[in-house]
Structures are given as C-alpha cells and as structure tokens.
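The structure under discussion is supplied below as structure tokens; questions concerning it will follow.
Letters are used for the chains, namely A, B, C, D and E, taken in the order the chains are written, and counting of residues starts over at 1 for each.
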Amino acid sequence: DDHAVKIGVLLGFTGPLESLAPPIAGGAEAAIAEVSASGTFMGGKEVMAIRGDSTCVDSAAATAAAERLVTGDGVAGIVGAMCSGATGAVLTGVSMPNGVAQVSPSATSPALSTLEDNGLFFRLAPSDARQGELMADIIMGKGVKSVALTYTNNDYGKGLADSFAAAFEAAGGTVTINAAHEDGKADYSAEVGALASAGGDALVVAGYSDQGGAGVIQGALDSGAFDLFVLPDGMVSDALTEKFGSDLDGSFGQHPASKTDGAGKLEALLADAGIDGASVYAKEGYDSAAVLLLGMHKAGTTDGAAVAAAITEVANAPGEPIGPGELAKALEILSNGGDIDYVGGSDVELVGPGESGGSFREVVIEGGEFKEVGFH
Amino acid sequence: MDFLNALVALSNFVLIPAIAYGSQLALGALGVTLIYGILRFSNFAHGDTMAFGAMVTILFTWWFQSMGLSIHPLPTALLALPFGIVVTAMLLILTDRTVYRFYRRVKAKPIVFVMASMGVMFIMNGVVRFIIGPGDQRFADGERFIIKARDFKNATGLSEGLAFKTSQGITIVTAIIVVAVLFWFLNRTRTGKSMRAFSDNEDLALLSGINPERVVMITWIIVAALITIAGTLYGLDKTFKPFTYFQLLLPIFASAIVGGLGNPLGAIAGGFVIAFSEVTITYAWKKVAVYLLPESLEPTGLVQLMSTDYKFAVSFVILIVVLLFKPTGLFKGQSV
Amino acid sequence: MSYSLRTPLLFGAVALLFILQGSTDWWIFAGSWNASLTILNMALISAIMALGVNLQWGYAGLFNVGIMGFVALGGLATVLVSMPATPGAWSQGGVGIVFGLLVGAATVVAAVLINTRMAAGRNRTLATIGTLVVGFFLYRFIFDAGVAGVEAINPAQTGYLGGLNPGGPENYKAHGYMTLLAWPVGGILAAGAAWVVGKTALGLRSDYLAIATLGISEIVIAVIKNEDWMARGVKNVIGLPRPVPYEVDLQQSADFVARADSLGLDATTASTLAVKLSYSALFTVVLVALIILAQLSLNSPWGRMMRAIRDNEVAAQAMGKDVTKRHLQIFVLGSALCGLAGAMMTTLDGQLVPGTYQPLRFTFLIWVMVIVGGSGNNLGSVLGAFLIWFLWIQVEPIGNWLMSVVTYGMEDGSALKTHLIDSAAHMRLFSMGIVLLLVLRFSPRGLIPEK
Amino acid sequence: MSEPFLIGDSMTGGYGKGPDILHDCTIAVDKGEIAVIVGPNGAGKSTGMKAVFGMLDVRSGAVRLDGEDITKLSPQARVRKGMGFVPQTHNIFTAMTVEENLEMGGFIRTDDIRETIEQVYELFPILREKRNQPAGELSGGQRQQVAVGRALMTKPTVLMLDEPTAGVSPIVMDELFDRIIEVARTGISILMVEQNARQALEIADKGYVLVQGRNAHTGSGKELLADPEVRQSFLGG
Amino acid sequence: MIVIEDVHKHFGGFRAVDGATLTIQDQSITGLIGPNGAGKTTLFNVIAGVLKPTSGRITMAGEDITGLPPHELFHKGLLRTFQIAHEFGSMTCRENLMMVPGGQSGERLWDTWFGRKRIADEERALKAKADEVLEFLTISHISNLRAGEISGGQKKLLELGRTMMVDAKIVFLDEVGAGVNRTLLYTIADAIKRLNEERGYTFVVIEHDMDFIEKICDPVICMAEGKVLAEGTLAEIKANEQVIEAYLGTGLKNKKEDA
C-alpha cells in the first residue's frame, strides 16, 4: 500500500559470498519488522523490506537491481550493497542521482571514503586501518613477534592486511609472508604450504569464516603447520568454532562490538527469529536498517538528504543510548523531540564521512568457544 | 636427519596434499572426459551436479547418523554413497530425457549441447541451494586422520610432522580403483566398446545394432557414480558448500583437457599436473632449503618462484605450455 | 516463418520487453524507464561483446573462452587513460617500473637472440640461462623497488600510477571526454593481447584453444588483481570521470530543471533519464557502426573465405587460403571488440573492480547470447545479447514471481512457505536455466539462424 | 511371380523436410541373389539403399523382408532382423582399431566371433597386419576393406553394400567380387551399388539403373550389359 | 618439372613412404598406381605440404619446395584434390568454387568496406566462371545446394571442379574416379587431356581404374610399400610381373555361371 515506507535490502544473495547474505538480510529485516511493529514510525506508517540481489560480482546486475528498487518499487532507502564493488556502482549509478540514502553493513573499501556521495552514503563495517593497528597491538601484547599473514584477495582483506603489516612491523614484529587467498576455491594446499614454509609463531587470517579463511585454517591444522591463529572480525563467528571445535583453543582475535553487550543481546534477539546473529556482518545488517529508519523518523521525511543528515545525529552522542530491540523506545524519544545515540549490536559510531568508528572486543577461543577478554 | 626432515616437510606440504587434490580433480575430470568422449560435449553442469550428488549423500548420511548407523573408523558417508549414486543417476537420466535427447535427435552441434548444459547447470544450482542452502554443511565423522602430524613427530623424533588424513587415503585409493575399473570397462567389455563406437560414429553404431539410448543411459549412470563419489570425497576432505563445487569446474576442465579430452588416463594425468603445478610452483622452498643447505647458504627470502596470488595463473601457464607441445593433451585426446 | 519477417518480428518482441519494463509494473516488469534504460545500456555493450564473439566463432569457428580477459583489459585501459596521474608516482617509482619492464623485455629479447645467433651447444645453453637469471634478478630489483615506491603513496586512496587525464587529481572529472578516448585504446590493448595469444595458441584445436584462452583470461585477471601499481588491484579504482554530465549537476542547473518542467518531469527523474539516454546514444552509435562493418564483411568474399576455413581448414589451405593468418586476423578483431566493449562498460560503471571479473558473467553469458541469438549471424547475436541480458536482470523478479506462485495458497508463516520465500534468490539462476533451455529447445540453431 | 526376399516397393521419399529424391522406386533382391544398382551421380542410389535400411523417411511405398512389412522399423531393429549395411561414406569407426571395428560389426552376435574375424583377415590380409591400428589412419582402400569386413561380421541374411569397391585396387576388387559371389552362394542376398558397373553387372543376377530417383532400366546383369543405351549412358561406353 | 628425391615419411616405426624417387615431367599426365596402402596418398600429402617429410627433397622447376605450407604451394600453381572429399559443407556448391581463386580483392577487409564496386565486378566474373565449371561437370542443377547435402560422387566432382577455377601449373588428382559414374569419368578424362594439351597443365593422377589410366596417362608409375616399383608406359607396366602380382591380379576366380 502507498502508506508503507519501503526499504531496499540489496545484498549478494547469489555469487561467491552468497552464504553470508541471508543472515545480514535477516538482521536488516528484523530491524525493519521491529520498527514496523512499533506502530509509531513516522506517524504510524508500516515499513516493508524489499530484497534485491547485488551478486557481488556483477556491478551491472547490482545497478539494475538497485534501479528497479529505487525507480520501480520506490524504496526510500537502501541497506547494502554487500561488496565494495557493487556498493560503489550502486551509489554513483543510483543512490546519488536519485537522492536516496544508502547504508552498507559490510563494504569496507577505504576508497569509498573519498567517493563523492553528497553525504548520502554510510557504512557500518569498521575501518580496516584502525583494526589493523589494534590487531598489531594485541599480538605484540601476547609476546608474539613473528607471524605469517594471509588475506582474502579483495579490498577488505588487502586493506586489513596492509594496515596490519605496516603497524606490526613498525612495532618491531616480523611478517614472514603476506599472501592472498581467493575465496570459494577448491583447494588451499598451495597457500598453506607457502605459509608453513615461511613460518612464524602464529597465522593471521584476514578472511571470512565460512570462505577461504576457513579453508586455510583447515589446511594449516590438518598439516600441523600452525596451531595459533589470529582472527580479525571476518573470522570471529560461531561458524568457525562449530567447525573446528577446541582445535583452535588459544587462538585469539578481535571484532567490533559494544561494551554494553549489544552484541549478545542482538544475537539472542535474532536467534528468536531463526537468524544466525553471529554470522559475519549480521549485526551490522540490523544496525544499518535501524539507523536508516531512525534517521528517517527523525527527519520526518524520506528525502535522502534530510535522512542522511539525521542519520549522523541518531547514531552519535549525545542522547539516550539505544541497544538492540529498543527501536520502539528510540522512535518514541525522537517523536518527543529527544536525542538518541544508537549503539545497537555493533557499537555504531559514525566518524568522518559516514564511517563507523566503533570499539572492538578482544576474544580468545577456549574450550571451542569465543570468550571475551577485553575491549579496545 | 636433516635430509629426512626436508623430505617429511616436502611430503607433508607438497606431495600428500597435491596427490590428494590431484586425485580429487582426476575423479571430477574422469566424468567430464567420459561425457566428452561418449556424448561429445563439455558438460558445464558437472560441478553443480557434483554438488547435487554430494548433497543427496549428505542427506542420507545425516539420516544414517540419526539412526546411529556407523562404520567407524570410516566415515558414514561411504555407507550413504550408493544411495546418493542411485538418486543422482535417476536425476541425470531424467535430465537426459528432458533436455539432451532432443538435441541428439536433431543432431545439434556440440556447442548447443554445451549451452544446454549451462541451462542445466543453472537449474541444478538452484535446486541444490533450494534444498540444502548456500552455506557450509558438516557431515564428516569417523576417524579424521590416519597419521597425525603431532603423533608423527613424537613417534619419529623428527622436528617436522607428517599428516595423512583418512579422506585423503580414501580419495587416493578410490581414484586408483575407479580408473582401473573404468579403463577395463571401456576397452575390454562389449558394452564399453559399444560406447566408444557410439561416440566415434553414431550412425554406424546404429547400423551395427548398438542401441544408442542404452549407451547414453549407461554413460549417465557411470557419470552419476563418478560425480557422486568425487563430490562426496571432496566434501569429506574439504567442506561441502555449493559454490565451491561450481568453482571446481575450472580446474576440473583444465585437468581433463591437459590430459587429453575423452581419454580416461589423460584425466588422471591432467588432475595431477594441475594439482602439482598449483602446489609446487608457488611453494616457498625455504623450509626445505633450510634443512638441506649448510647454515652459511641459508636463504633469507622465501625461495618462492611465484607468490600464491598467481597460483591459478601458474597452473594455466603450465597447461598452455603443455598444450603447445602436445596439442591434444598429454594422452592423445579427441579433437573436434 | 520466412527469414526476412522473422528478424524484425523478434527484434520487435525484444523491444516490447524493454517498453513494458519502462511503462508497466504488471507481472515481472518494474514500470520504470530508468530501470529499462539501465538494462538497455548494458545490453548495448553486451551486444558488442557478442558481435566480437560471433566474429570469432560464427565466422571462423574459433572457440574463445577468454572474453573476460579482453573485457578486463578494456576496463584497465579506461583507468590508464581517464584517471589523473598520481602526483609523485612517476618520480617515486613509475620510472623504475617502466625501466624494470624494459629490462625484463630486453632480457627476453637477448635470450632469444642468443638462442638464434649462437651455435647450438653447451655454451649457448649456459649463455641463455645466464642471461635469463641475471636479467630476471636485475628486473626484479629495479621493478620491485619501483613498485614499492608507487604503492607507498597513500595506498588507501591511490598507490598507483594513475592515468593520462590532464585535469590532475583536483579537476580530472572536468575532462570526461578522456573516457571516450579510452574506448579505442581498450580495443587496441585487447587486440595487442589477442595478437600475442593468437601467435602462441591459435594452432590448437577448438576445445584445447578454449581452455588456453580461458587460462590466459584468468592470468590477465590475476595480474590486474595483484599488480596494485597499475590500477590499485583489488582495492579498486572508483570515481572514474564520465563522458556525460552528472545527474546532480543537472538537478542543480536551473536551465535543465526548467526544461524538465516543461516536459512535465521532475528534475530527478529527468536528470537520471537524460544521463542514461546520453549513454544509450553513444553506445548505439558504436554498435550500429560495428554491425554495418561486420555485415559488409560477412556478405563478401572475405566472409565466404572465413566460412570455408571454418568448414574445412585443410581444404581451405589447399585452396590457397592462409588459415593461420586469417585466424589471427579474426581473433584479434573479435578480441578488440571485446576490449572496446570492456572499456565502454567500465565507463558506464564508473569504476574498475577486478574482483567482479568472473568467467560465468563475462565469458559464458556472452556465449549464451551468441548461441541463443544464432551463431554466424550478426543480427542474431545482437538480438541474443538484448534478450539474454534482459532476462539475466529480470530473472530476479521472475524468481520471486515463481516463488509467489508456488507458495500461493500456503498458510502464512508455515515452515515450508518461509523456506520457499527465503530461497527466492536462488530461483534467479534457476529461472535463467529454464528460460535458456526453453529458447534452445524451440530454436536449437538460435533465434535467427545463419542463412 | 512370388515376392522377392527383400523388396523396397515403390518407394518415394527424401531427406528431412526436403523434396522427394526417390520417386516410386522399386529395388528387390531374392535369396542367394546379387542385385546391383547403377546410375549417374546423384541419381538416388545411396538414398534408395538408406530408404531400404530405414535411415530415411519413406513417404509412400513399403519395405518388406521375407514377406514381413518392416517399413516402420528402426535401423537397429533391421540389423537384428539380419540385415547388414555398408554406407558409402563414414563407414568405419575411425578412432577404434581395425579389430575393434570388426568386433563392433559382430556386436549383435552372441556366439563366438573369433572365427569370422579370422575369415575376414583371410579375405583382406592387410587388415591382419593393421589389426591394432586405429582405422582412421588407414589408406582409403584399406578403410573400404575394413568397412566391408565389418558388415560381413554380422553374418547377415541380406548384405547391402554402397560402392564397396570405391578406391580399392584391382586385385582386391577381384577378391572382393569373388567373395561376394561366394557369400551369395551360401544363400545370402546381396544388394549393392556400384560404379565399377561393368564388373558388377557381370556377376549380378539382377540390375537396376536409377536415374533421378526413378527406375530407368531393370533386367538381369547380362541384359543390361548388352543394352547399348545403358552402356553408352552409364557404363562408360 | 617436379623432382622427388628419396622422400621418406614414417609414422612411428611404419614407413608409409620409404625412399620414393621420381620425376614428373612438365606437361605430362603421370599416372600413379599401386596397391592399397602403397603410400600414394601419403606421398601426395608430403608434396602438397600437408605432411612434413621425414627426410628427402622436393623441387619444382629447380626451386626447393620441401615443407612449404599448402597455401603457398597453391600460389605457386600446385593444386590437389582429396581422396576423401573435403567439401565446404555449409556453403553452396557455387560458393565452393567461387572461393578458390586467390588474390580476390574482396578478401581484404578494407575493401569489403570501401571497395564494394570492384568486388561486385569481380564477383560477377567469378560466378560466370563457376557456373561454367558446374555446367561442364553436369552438376549445374545443384549449384545452390549446400555441399554437405549432395551425393558422394557429386562431392568428388566438386572437388575436381575447384582445380578448374584457376590456371594451375600442376594438379594432383587423388582418385577422382572412385565413386564417379564411368561415363562421366571418361568425359572428365577428355577434359583433363584437353586442359593438358590446350593450357599446358601438368597432371599427376592416382587411380585404380585402368581404363581411365589407359585413356590419358603417360607415363605410369607403380608404387608399392612406399617405393617406386615400376615406371613406364601403361603397356610396359601391365606386362610387369611384379605389378601383376601386387596390384593388377588376374581377374575373377569364380565366374558366375548363367542363371
């Protein structure tokens, strides 16, 4: 119906990262459903999610899908896209020309920061640069001085690996090898062989937990090449511990999360809806949809520029901190002219040109489970 | 001692993984080569059909596991394999009836079959994801290792470990058996020969009283067996995720072609060429060199010919070089 | 149906699809001209690729499965031509890279010379190996230093050499015409690569040639992905300049808004349509020119000779046709078209993302277009491109529709229904498969078969 | 006159949806007889053979074997009824060895085929030498010998040969004709197309001259050889 | 004059051509006979550049042409037909002939775009020529059929027709007669003789039909097991014991008794 506000959920449902997309979409849709159910959104409007497939590997198809969402279905905002390539294409090709706000839960490319976006674009995945430095600190803190490094061969992996290697070497550590791996490939023996030969006290795997990253870890464990792994955000997921159990005990890593245990709450909340909240970027999916809708509510219009301006306000202090499942409360506060600071499941904090600058949770694997050991 | 260490390191990181991966590719390539050799087209649906076969086996495995059936220390999946094969064979025969038979009737060019197989690939792709989803599935059980790296170190006192996985062992043994049986079947049995005759000259096969539909059906049944075995073993060794099966298509085709299309022995050789070139050329020889060379000569770099970024590129370069010297593959394949 | 009637009818039918997409939101259609034009623009580009493949396969029987590589080279050309040079990149390593590459090339040339000039024997072998080894290390030494220098310059944002845009980093977007210049350059780059490939691999028989070209295209992608100094590798180059105005600028131009108003359009819609239509016009001009040239050649002794070669190489050779040379000629030409189209595509996307080059999308989909359209027939492959690309995009709504039909009448919230709805995305390729098989079933020789 | 053993009776038909090639054409052969079809190139001789063997759509007319109407049977079924055929072109399995070619000839037989293979080798000694070579590597005449050998392997009751002597040397041709006579004497019907028409008609019981898909002349071999018009137009004077 | 000196062609261990030495005189019609598998076609293929000789030398008018690719030999005026017809199956019979002449300006891409007029003129002439050849071979009624869909004998005629499209110096005919109707074959024989006498073509003819050889060939060379067995006029050859034993035979053993 015409009264409903539509939100496009544009993710790579098919293609190389297809296994990551459903939980992210689930997260986004959960937030949308929550807002819609509150009955107070923009004076009682319903909110509807419409999915689109950005495929990750076909910018043209992603653009076409976005075009259909925006000009055909008339969505008021976009959650997506998933990979940086599709995100950039959709932003320049569709969102900007049509003045629609776009929040990506997962695009990490630093290049997106400088892309002209008229302020319409936000992303919630944390900047690679910050995580790289932090990871170097954590490793150094454990007294590990020499690591082998492998990264998934895309902008996320490459960016993280480069920033980490620079920071780690600056701090006096050695990166014995800095090798890429492709996701979704059949075999990682060659990578494992090279990594093992280069040696090091630990293996840093800047990849995805159900993609090549897991494949490399599998190979390294099987052949006994490494038994200590460092796991950045893409790897911290229950999929990993389910798969390897206590074989990974002692391995450690970090991922963006809120001190307020938003993460735990959100996972529980999503689990009720049958969604794996621990999956990579699923929390960011929820948060993306949430900030988009809260911004819209605050702006009182679906006009992109106004929404975009409001998003920064709702996401950052000052204001009442809002956790997962508290969207109705947030709408209420905003309606009453109050201020909120959306924290959500991934500790949302927008810095610079619409980027996330959240805090990180340090974890270690014990008894086959991730255990929180601190915050940074 | 150092020499032994070097040897073990080499085996652990190069030889064993490459042999196991090579056998996996070989099993896949056998199916491709068989279809090419007898039905005369490159089957693009091979990877996704492999995922289908493995999926059916997984479903049976789960069922057996839930009933407590097991053949410990071997994985339960082996028990489920025959059922997977039967279901896959039925599916393939159904596909042939609904899709390919028509093109045989109208004597379409091979490229039309190839395109039709792409259609089948898309459909199979949807079916698999529809039934089991796009994510990782776990179904492996039984003893994971024949030799564990740590145990090996303890037992031998060497500083290098050697790991040998059950799945690797099964894959290698199966590959050998399957090739031998297939080779015997095609070259020695009447049915096998009639299949080759059919592929050689369809009209003349007809005149010799060979029933083409039967040949086609047997081919699909064998392919179903090969596909399901390959898919399941691959899933046991690595992981089951539909997308990686699609990605396997490329190295599988490369193997079949470098070995000589249509030639079963070639498929085996091709699988190993691809696997070994991927693993050895990008291997950092430092580890081995450290053991073998005197300390003064110890390498400072990784002694790596190429970085692993170029792993695929390297295996394709080798493939192209092989083709330039042997234009129809290592073992004389068919050319169209 | 007669051939002469069939062609316009089929083109009419495909045109109708695009019109429906623009005008109605009935069934699977979006009811948005923007959506329709987005598909059309890419379809025009795909048609050029299909034309290139048809030249190679339909005319000469060359089985090129390396389309992706040539398309990517076209994309690379766009970056190399239309982006501004990164300040300092040339002084901090660019020169070294070029010098290093020259050393590498010189090494190869020297080794070849030694091999041809010296008498065979141990000395020659030693000299050759010596030259290669020394040359290789020298090359790596110079080249690696250069690369390190270039890649160190603000790696997050640049870290590559950049291109030839005279505007500089500040003002390069004002020089959008540079992307047009990149199109022929893309064609030439692809042609050059095709020449090298053809020289080495064209002797191979069809399926073997196929895998060789497939391999080469994978190598091209690997190089583009990993040589960051060239075009930032997997870090992508985004924000390429455009040969057409930006929508946002149009929306702010009072003149434009007034004119849009007079047409009864709001500024946003008018601007997005105007930009897309400008692209369409550019692409159409190129496509039509290419079709005319291709048709002229096909219907001439040249086309006849090519068909003869395709039918029977041995006999064609005995009849005095230099098969190798002709194969090379057509391979280079067809690949150049793919390169040209690749440059056009990168222009349209406004970015170069090496990770998106996948064989399924850039090689096999183009093949489907050619075969479904009718190989050996230029108009057929163009039609195939329009139709298949339209479907490739629209299978998503088709998949959703399919699922809504299947689940119609099921109880809301039932587990099966949820599962089915969640799987809708995977009906995308499923529907593509069904459509593809249906087309092939009812027209196995293609929609417009070769005469 | 009683019905011949094999008869293609008033056949009319053509390839696919194309025009009729055969027009009301009748070809017949009796048990133990040799029937030879001659005629200019493109007359429809091969087409007639294919029609009799069921590889072509017979639009009107019928094919009967031993009184039974087999018009609707598939070629394989006719093979099982005891018919053997050597096409004019593409008549060997090029990628298979000579011996495998012969084995495929005997595919439908369940008894021991070794002996028949030996007989074929006796007839064409060169094939024994080349038994393990892919047939595609043989010379033109050797291929022809393989093709005929393959058909003999079926132990058919009717043997249909489309230009069996094309490209074989005179000495082999004589051997071949000798053998054909021998085969016919054992009660097998032979239907063949020949361009070496004079030699063929000399051994023929019955001859057909086809012109443009129609029966132009029919008679015994001797009669046709004696007919000056036939000699002039089809046998090279 | 073509001189073939001690040419060998071995396949693995098998010597298909095993030291053949022969000379083909200008303006002769040389007959090449020999048992099946004697190496005749292989020798042709070596001369025509399809196969590389294992060893040996071939010269044409004093120029070494060993190992030149077929298309270059074509332009030197050396043409050949194939024993197993090599037609261009998807093209019409007329096109099969029209494609033959070399140096057509329409074969240059540039001209197909900007030299349409010239091409049209050339095409008209070519078509007339092709129709003339088809007429001569009595197959003008199939000129518009695809060459893949004509009878076996018609394909052989087409094969011969191609050599008649250009002014060749020397033509190698590999069993033109196999599968061709005898009456027509003897007409072809007359044509070969005419081309030889009027235009000075040199022919080398492989054939198993002795009547055909007798009509036109002098000299005749008999090959066996890759070597030249005998050489001379047909009468001489026919009288040669070895040739009779290996090739000609002594006629049918079983004479068919009258029915």
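One rule holds for everything that comes next: contacts are C-beta pairs under 8 Å (C-beta built on N, C-alpha and C of every residue); 3 or more make two chains touch, one makes a residue touch a chain.
What you see is a predicted model; the values in this text were computed from it and never measured.
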{"item": "Minimal step count in the chain contact network, chain B to chain E", "value": "2"}
{"item": "Interchain contact steps from chain D to chain E (minimum; 1 if touching)", "value": "1"}
{"item": "If a chain touches chain A and chain D alike, it appears here", "value": "B"}
{"item": "Computed distance of Cα centres, chain D from chain B, in Å", "value": "46"}
{"item": "Between chain C and chain A, distance of the C-alpha-averaged centres to the nearest whole Å", "value": "31"}
{"item": "Separation of mean Cα positions, chain D and chain C [Å, integer]", "value": "55"}
{"item": "Contacts with two or more other chains, residues of chain B listed in rising order", "value": "129, 133-134, 307, 309, 312"}
{"item": "Contacts with two or more other chains, residues of chain A listed in rising order", "value": "16, 18, 22, 153, 180"}
{"item": "Residues of chain C whose C-beta touches two or more other chains", "value": "225-226, 426, 428-429"}
{"item": "Interchain contacts (touch definition) - all pairs", "value": "A-B, A-C, B-C, B-D, C-E, D-E"}
{"item": "Chain C residues within the chain A interface of the complex", "value": "25, 30-35, 38-39, 42, 155-157, 225-226, 232-239, 246-248, 268-269, 271-272, 275, 345, 348-351, 353, 355-358, 361, 392-393, 396-397, 422, 424-426, 428-429"}
{"item": "Partner chain C, residues of chain E touching it in the complex", "value": "48, 50, 69-71, 74-75, 79-80, 82, 86-91, 95-96, 98-100, 102, 104, 106-109, 112-113, 116, 119, 122-123, 162"}
{"item": "Of chain B, residues touching chain A in the complex", "value": "9, 12-14, 17-18, 21, 24, 129, 133-136, 138, 145, 148-150, 153, 161, 163, 165, 234, 238-239, 241, 243-244, 247-248, 251, 275, 278-279, 282-288, 302, 304, 307-309, 311-312"}
{"item": "Parts of chain B lying in touch with chain C, wherever the complex brings them together", "value": "36, 42, 44, 99, 102-103, 106, 108, 111-112, 114-116, 118-127, 129-130, 133-134, 246, 250, 253-254, 257-258, 261, 307, 309-310, 312-313, 316-317, 319-320, 323-324, 327-329, 335-336"}
{"item": "Chain E partner contacts - residues on chain C that touch it in the complex", "value": "293, 296-297, 300-305, 307-308, 310-312, 314-323, 329, 450"}
